[in-house]
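Have a look at this one before I ask anything.
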Amino acid sequence: MSESRNVVIVTGIPGVGKTTVINTAVDMIKEEYGEEVLILNIGTEMFEIALAKGMIKDRDELRKMPTSKQREVQRLAGEAIAKKGKSARAIVDTHTLIQTENGFLIGLPEWVSRPIQPKTVVLIEADSANIASRRNSDETRTRDEQLVDDIRVHQEMCRAAAVSVGTLTGATVRIIKNREGLVEEAARELAETLME
Amino acid sequence: MSESRNVVIVTGIPGVGKTTVINTAVDMIKEEYGEEVLILNIGTEMFEIALAKGMIKDRDELRKMPTSKQREVQRLAGEAIAKKGKSARAIVDTHTLIQTENGFLIGLPEWVSRPIQPKTVVLIEADSANIASRRNSDETRTRDEQLVDDIRVHQEMCRAAAVSVGTLTGATVRIIKNREGLVEEAARELAETLME
Amino acid sequence: MSESRNVVIVTGIPGVGKTTVINTAVDMIKEEYGEEVLILNIGTEMFEIALAKGMIKDRDELRKMPTSKQREVQRLAGEAIAKKGKSARAIVDTHTLIQTENGFLIGLPEWVSRPIQPKTVVLIEADSANIASRRNSDETRTRDEQLVDDIRVHQEMCRAAAVSVGTLTGATVRIIKNREGLVEEAARELAETLME
């Protein structure tokens, strides 16, 4: 069926525990339904496409491609992901907004998210203070108020980015809270979304 | 004039009192200007179009249409609404984000909102704690903190969705607060937007 | 190089001190790098284009143009800005959301922001209470709680608008805080973004 949408984009800022939630959900589905869920990565898809097309020789060259070529490869990566999602349930493990020194980089621009045709964009979220203390754990016990606030703003803006992707693609937007010590619950919600 | 935009999309999550605000505003305009305001519904427009085109026989079949057909009918519904809005002031009574078990469903995806060419997207909002107690009134007196927070997040994300629609269509975005016991004020603001 | 993106869109609601931040940043760059930064304005570009095309005779007529013509001129203004940004670093001094009596007007609709091809959308922000007291300073000492809250919501919605523009154009989104008495710091951040 050409219309089945099996791709779930899973996002979350550093420190929310995204990888653990994804892996736990994938294990649950394997155990309970005997089904394998693909975990896809936009960068890997881009690399494979650019390599196959002879545009690059190694991964390093990917970043050095001119912007217009990069976008073309991003678009093709989106299409490749959608194709894989026709025959299997798939997660795209990525970001909505990536914090850089010069502001937030858009992880899901239009030319990537449209071709993916995602079923759902999931936002894995955690308590901002918890994320801050996880990021800081080695250096300091004191909670940095500014950092907590920055994390809160980052998570809020990720929601807006996900809604923007939803408006363009029709994907549903689901917030999954990864509460301290309750990763199984978060994984259960993600598994439900994948199996829906 | 082919460029007049008379369609105002009115949204609000369950419990904000949207219907009362709409009806009161429509009554005000009838009384004060002797003008009828159309209250339109995307689902009804879709049903009429799909029926007229012989795509379905009853309303039940509408939901069962394949996604691509549904989108086509949604787009045509948007166009039909825009057409009705050329000759009369019209409200589209709908949602920006609909809460489901699997996350938020996008009420105004691009292929619906673009053809509507709305003048304004109105967000009827109410205090999150009030909405929670209205929803809970039968069952419990205790205010559920989690529910209040979820409602707050839902309303915030609806704002992002409205802004996204505004960016694509040029519609203005207006928040109208429906304050406890002051529905006339909210209706007055909506009437102003309609008569603008 | 046809792909260099030198245009930074700088936005901020009235009272954040946007003009001072922009001027200070432009002075810094002139002093430290000997480089002139263009400060562009969408309205001015629109006026020049419409005048050159014989569509209008004076600035007043710009607002009176039919919507579809206005959009066409806006689009051309965006293209003119992008062109200027190929050969020099440029700031577009504008707004994401403009507060009007009938809600927020979209400052960066799709047909303006796409042709600009911005490198970054900067949100100059300030503390909502500070903005409120700056706006009120002549009239009253008492801080209007409702005003502070409205300003907070306005700034939050501007973030959503910037993210929406980023999703369509790939521009990064940077929040720059203009803290009381620390305009040099804010200008330094803007200068970094411009020189990036």
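General observations
Residue numbering begins at 1 within each chain, and the chains themselves are lettered A, B and C in the order written.
Assume a residue touches a chain if its C-beta (ideal position, glycine included) is under 8 Å from a C-beta of that chain, and two chains touch if they have at least 3 such contacts.
The structure presented is a predicted model; accordingly, all values stated were derived computationally and were not measured.
At the interface between chain B and chain C, two copies of one sequence, fewer than half of the residue numbers in use appear on both sides, so the contact is built from largely different positions. Chain A maps onto chain B through a rotation of 120 degrees [Cα fit, steps of 5, range 0 to 180].
Rounded to a whole number, the gap between the C-alpha centres of chain B and chain C is 30 angstrom. For chain B, residues that reach two or more other chains under the stated contact definition are 156, 160, 163-164, 168. Touching chain B in their complex are the following residues of chain C: 66-68, 71, 97, 100-106, 108-111, 113, 153, 156-157, 160-161, 163-165, 168. On chain B, the positions that touch chain C within their shared complex are 3, 5, 120, 122, 156, 159-160, 163-164, 166-175, 192-193, 196.
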